[in-house]
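Below, each structure is written out as structure tokens.
Here chain A shows up in two complexes: once beside chain B, once beside chain C.
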Partner chain A sequence: MAKHKTPMLDQLESGPWPSFVSDVKQEAETRAKNEKGIEYQVPADCPDDLLGVLELSYNDGETHWKHGGIVGVFGYGGGVIGRYCDQPEQFPGVAHFHTIRVAQPAGKFYTTKFLRDLCDIWELRGSGLTNMHGATGDIVLLGTQTPQLEEIFFELTHNMNNDLGGSGSNLRTPAACMGMSRCEYACYDSQELCYNLTQEYQDELHRPAFPYKFKFKFDACPNGCVAAIARSDLSFLGTWRDNIRVDQEAVAAYVGGEIAPNAGAHAGRDWGKFDIVKEVVNLCPSGAITFEGGKLAIDNKECVRCMHCINTMPRALRIGEDTGCSILCGAKAPILDGPQMGSLLVPFVEVNKDDDFQAIKDVVEGVWDWWMEEGKNRERIGETMKRLGFAALANAAGVPIDARMVQEPRHNPYIFWKADEVEGGWERDIEDFRKRHQR
Partner chain B sequence: MAVVEFQGKQFEVDEDGFLLQFDSWAPEWVDYVKESEGIKDLTDDHQKVIDFLQDYYKKNGIAPMVRILSKVTGFKLKQIYELFPSGPGKGACKMAGLPKPTGCV
Partner chain C sequence: MAFISSGYNPEKPMENRISDIGPQHFTEFLQPVIKKNFGKWVYHEILEPGVLKHVAESGDAVYTVRCGTARLMSVTHIREICDIADQWCDGYLRFTTRNNIEFMVEDEGKAKDLKKFLNDQKFPGGSFKFPVGGTGAGVSNIVHTQGWVHCHTPATDASGTVKATMDAVFDQFTDMKLPAPVRISMACCLNMCGAVHCSDIAILGIHRKPPIIDHKYLDNLCEIPLAVAACPTGAVRPSKVEVDGKDYKTVAIKEERCMFCGNCYTMCPSLPLADKEGDGIALMVGGKVSNRITKPAFSKVVVPFLPNNTPRWPEMTDVIKRILTAYSEGANKYERLGDWATRIGWERFFEVCDLEFSEHLIDDFRDPAYYTWRQTTQFKW
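Moving on to the complex of A and B:
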């Protein structure tokens, strides 16, 4: 028997999509029955009260969580998002409803053993509700009370060998696409680089030392399956710099209709017979592909590696063999000065495990040194870049200025020069000028 | 909001144990909070951090950025965590009586 009446939420139990309301109700019932005889460390009716307060918000059209909340575990400056209900008498089960961010494995591959162990901890010490996963990548344990935070942290670290994720003005939890684990487009091992940098910068992740938040994301090719270019301050995008590998027999099989284009992604509708000229050659953004006499040819020096031809004919076209990644900088959401996507900072860098990714770490640390010194309070690096100029960022990263860093050159003439670049410098005497030009 | 009584003083606090009024800060507050912040004995180094936070807040109306705290006190972030296990925000700012840190934390 539900604790609160939830007529509006009940409507969200109909329809074909998995209903979060049905799921929360199921957890509420499981806790009410408590067949395992668990000594719940937070109120057993926590999920009931969550539905209750949510129903109230549905009625009012207003949130019922108080502003902010500062809780955590000793040693770390982040990882837990404190939250308190603004109707604690009516909904005591969610008077405290803190969220714990738990570091996830790159690519989010799990064993049931790991997930069961995690659920056991959370069933005892939390609400039993989660978010799999937060947008940044963390496992999100949704709703517990302050005294449980150190308990959960102890069990996570001692029994599960797992750590918290990041929050606050620091390096947030990095995330990667599935990369080489199961994708033939992967130009570098995005999971390995993600894991390596996460471990390397644990200190920066757990103890806020930055002007504001900072995110890493790792896409193993330009398709952008973790959306690194839009959702991380430094985006690592796999690419190659030699030639696309072409299997002409497979090209013929696509043309002959033996292999479905785009691996059958458009099979839900009749788009007619595959037309390689219309669907590949003519859609190439740089016009670098020709198809003559049944042979496909690519002018690789004109190719921008957009992935379209490879995506369309994955069995005939493969990424090159000289692979690495590009690094883009500055993506952010609109606040404060408008949304940004990453801007190309390093056109190509080798992803080299043998020297522990030193070339990449040099860029990261150069950029951090600069931003930590120059960044204003709560200024994302994309904003620092706008304020102080892209050249300052490139200089900090130790990369030479390159035509590939701009989409087009500036059209205004407000060009700054350094004094030492100008013959005679800036020190001029007006009297000298007056000798040649009368007032 | 809860009211804390300690050594004859009263302090109004929020759920997270931050003072609601900076003006209500008194030296007893530090003694009251230290245990919950994992601090056994208060040293001169603790006091140095607290004093700086209070001075900066009185002068500027906000808490200093971590970088500035480190620069002025000479304590690296690691040392600040050794002094204040919950860190400069939850630990030191709370003890100094500054308002609760806000934003996307």
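Moving on to the complex of A and C:
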């Protein structure tokens, strides 16, 4: 028997999409029955009270969580999002309802052993509710009480060899696409680079030392499956410098209708027979493709590597072999100055595991040194770039200025020069000027 | 409820503490075929909605079955996922960047059997537990946020709006009949945690009333300069007031300059602004993150306000379905929603989607607003 009446939420149990209400109810029932005889460390009816408070919000049209909440584990300055209900008498099961961010493996591949071990800890010491996963990538354990935080952390580190994720003004949990694990477009090992930088910068992740939050994301190609260009302050997108590899026999098979375009992604509708000129040649953003005499040719020098032709004919066209990544900087959501996508900072850098990705770390640390010194309180690096200029960022990162850094040159002539760039400098005498120009 | 220690000693908190170990290395979790063919994949096919095949140089193939989730899930549900992975996939699985689950098997027949098995699993209320789909040119899962389940600054709920929307567009999840993939995302306030600013369709919680000022407590709970600096439009200034004969340091808010972003509340607990009638959602469209054909783009606001009509937000799902239908009928193959709207012109977009255009949709935020107005005589009647 449910603890609270939830007529509004009950309406979200119907319909085809997996119902979070049904799932939370099933957890509430499991805990009420407690067939395993677990000594729950937070109220057994925590999921019931979550439904209760959510139903209240559905009636009031307003949230019932108090502002903020500062909790954590010793040694770290982040990783736990504290939260307290603003109706604790009515819903004591969620009087404390803190979230723990747990570091996830790159690409989010799991064994059931790992997930079951995590569930065992969380069932005992938490609400039994999770988010798989948070938008930044963490495993999110949703709802526990303050005294359990150190206990959970002890079990995570000692028994599962796993750490917390990040929160606060620091490096947040990095995330990657699944990269080379299961994708033929991967231009570099996005998971390995993600793992390596996560380990390298553990201190920056666990102990806030920045003006504001900072995120890394790793996309192994420009398709952007982890949305690095929109959702990370430093975005690493795979690319190549040589030629797209063309298999003319496979091209003919596409033209002949033996292979479905785009791997069959449009199979749910009749779009007619594949037309290589209409669907590939004419859609190339730089007009770099020709199809004559049954042969596909690419003017690779003019190719911008948008992925369209490769996406459309994955069995005939492959990425080049001289691969690496581009680094873009500054993506953020609107607060405060408006949203930004990453702006191209490094057109190409090798992704070299043999020297521990030193070229990439040099850029990261150059950017951080500058922003940690110059960034204002709660100013994302994208905003620091806007305030101090893109060239200042490039100089800090040690990256040569390059026409690829702009979509177009400036159209206003408000150009800054440094005194030492100008013949004679800026020290001038008005009397000397007046010798040539009377008042 | 007897306390059970993990071994942690609160008397000596720093003793035996392990820190800075990070996540485990991902190779610990790769199933054998994935591990063996790592970086050696040659091509892939989508065999049917929700089922992928990847072929490696070695000739090995792996079949992936993708299914939807609510993202918010219980340990009971995760264990059920584990049971499936143990039974069908030797104990391996993964989650996608849109919070779907992927089960991988080495045989096509097994993949199709698994798809059927997954589609047979239902919650007692009748919803699918593991609906298979989310591939190709369709609608995949909705990237979303905490809403009224956990956050203190939302203007709407996340899990509820998402469930209502996915129910309304469910046939697009299990099929691939759109011109291109349509990414829907949701954020419950304009902090925009997630992908709202860069999605084909985006649901965004917004407020429409300025904060209420808790003068008696503000100076004790807030760092006033931070609240002042938190305002994008300079509407907040330090101030003093007299309440019940007592002077308080506080802030004043110029209401006509406040656009209800809620960022001052993020910084200061004494400036709450949630409100049943005032709060609701805005809809945005036309964003993307991929570099395919066109550049990544921001989503644009096309509906400034719809009410929080709980529990199913019918006005919202109606508009989303209308936009999807107009796009599906009007766009060319491979054309993302934003590319279609740009090609036909936004004036035509509003017409074919039957959406009202109001002054709220014209940008008025600082210098860049100018670049969104129309400096040309090119327009359609």
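Definition applied: the second predicted complex is superposed on the first by the 439 of 439 C-alpha atoms of A that agree within 3 Å, B and C clash if a C-alpha of one lies under 4 Å from a C-alpha of the other, contacts with A are read in each partner's own complex, and residues count from 1 in each chain.
Note that a contact is a pair of C-beta atoms (placed from the backbone, for glycine too) under 8 Å apart; a residue touches a chain by one contact, two chains touch by 3 or more.
Note that the structure is a prediction, hence the values are computed from the model and not measured.
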So, on chain A, is it clash or fit between chain B and chain C?
fit
Which of chain B and chain C A:N223 touches, first, second, both or neither:
second
Chain touching more of chain A, residue-wise (chain B, chain C)
C
So, does A:G168 touch the first partner chain B, the second partner chain C, both, or neither?
first
Answer with first, second, both or neither: which of chain B and chain C does A:H67 touch in the superposed model?
both
Using the touch definition from the top, say if A:I319 reaches chain B (first), chain C (second), both or neither.
neither
Contacts for A:R378 in the overlay, against chain B (first) and chain C (second): which applies, first, second, both or neither?
both
Looking at A:C187 after the superposition, I want to know if it touches chain B, chain C, both of them or none. Which is it: first, second, both, neither?
neither
Which partner chains sit in contact with A:L393 here, chain B, chain C, both or neither? Use first/second/both/neither.
neither
Under the stated touch criterion, which partner chain does A:S57 make contact with: chain B (first), chain C (second), both, or neither?
second
Touched partner set for A:I327, first chain B, second chain C, both or neither:
neither
With both complexes overlaid on chain A, what's the closest CA-to-CA approach of chain B to chain C, in Å?
5
Go through chain A and flag every residue that touches chain B in one model and chain C in the other.
66-68, 74-76, 81, 203, 377-378
Under the touch definition given earlier, write down the residues of chain B that touch chain A in their complex.
15-16, 18, 38, 62, 65-67, 77-78, 81, 85-90, 94, 100-105
Contact set on chain A toward chain B in their complex
66-72, 74-78, 81-82, 84, 96, 167-169, 203, 207-211, 213, 372-373, 377-378
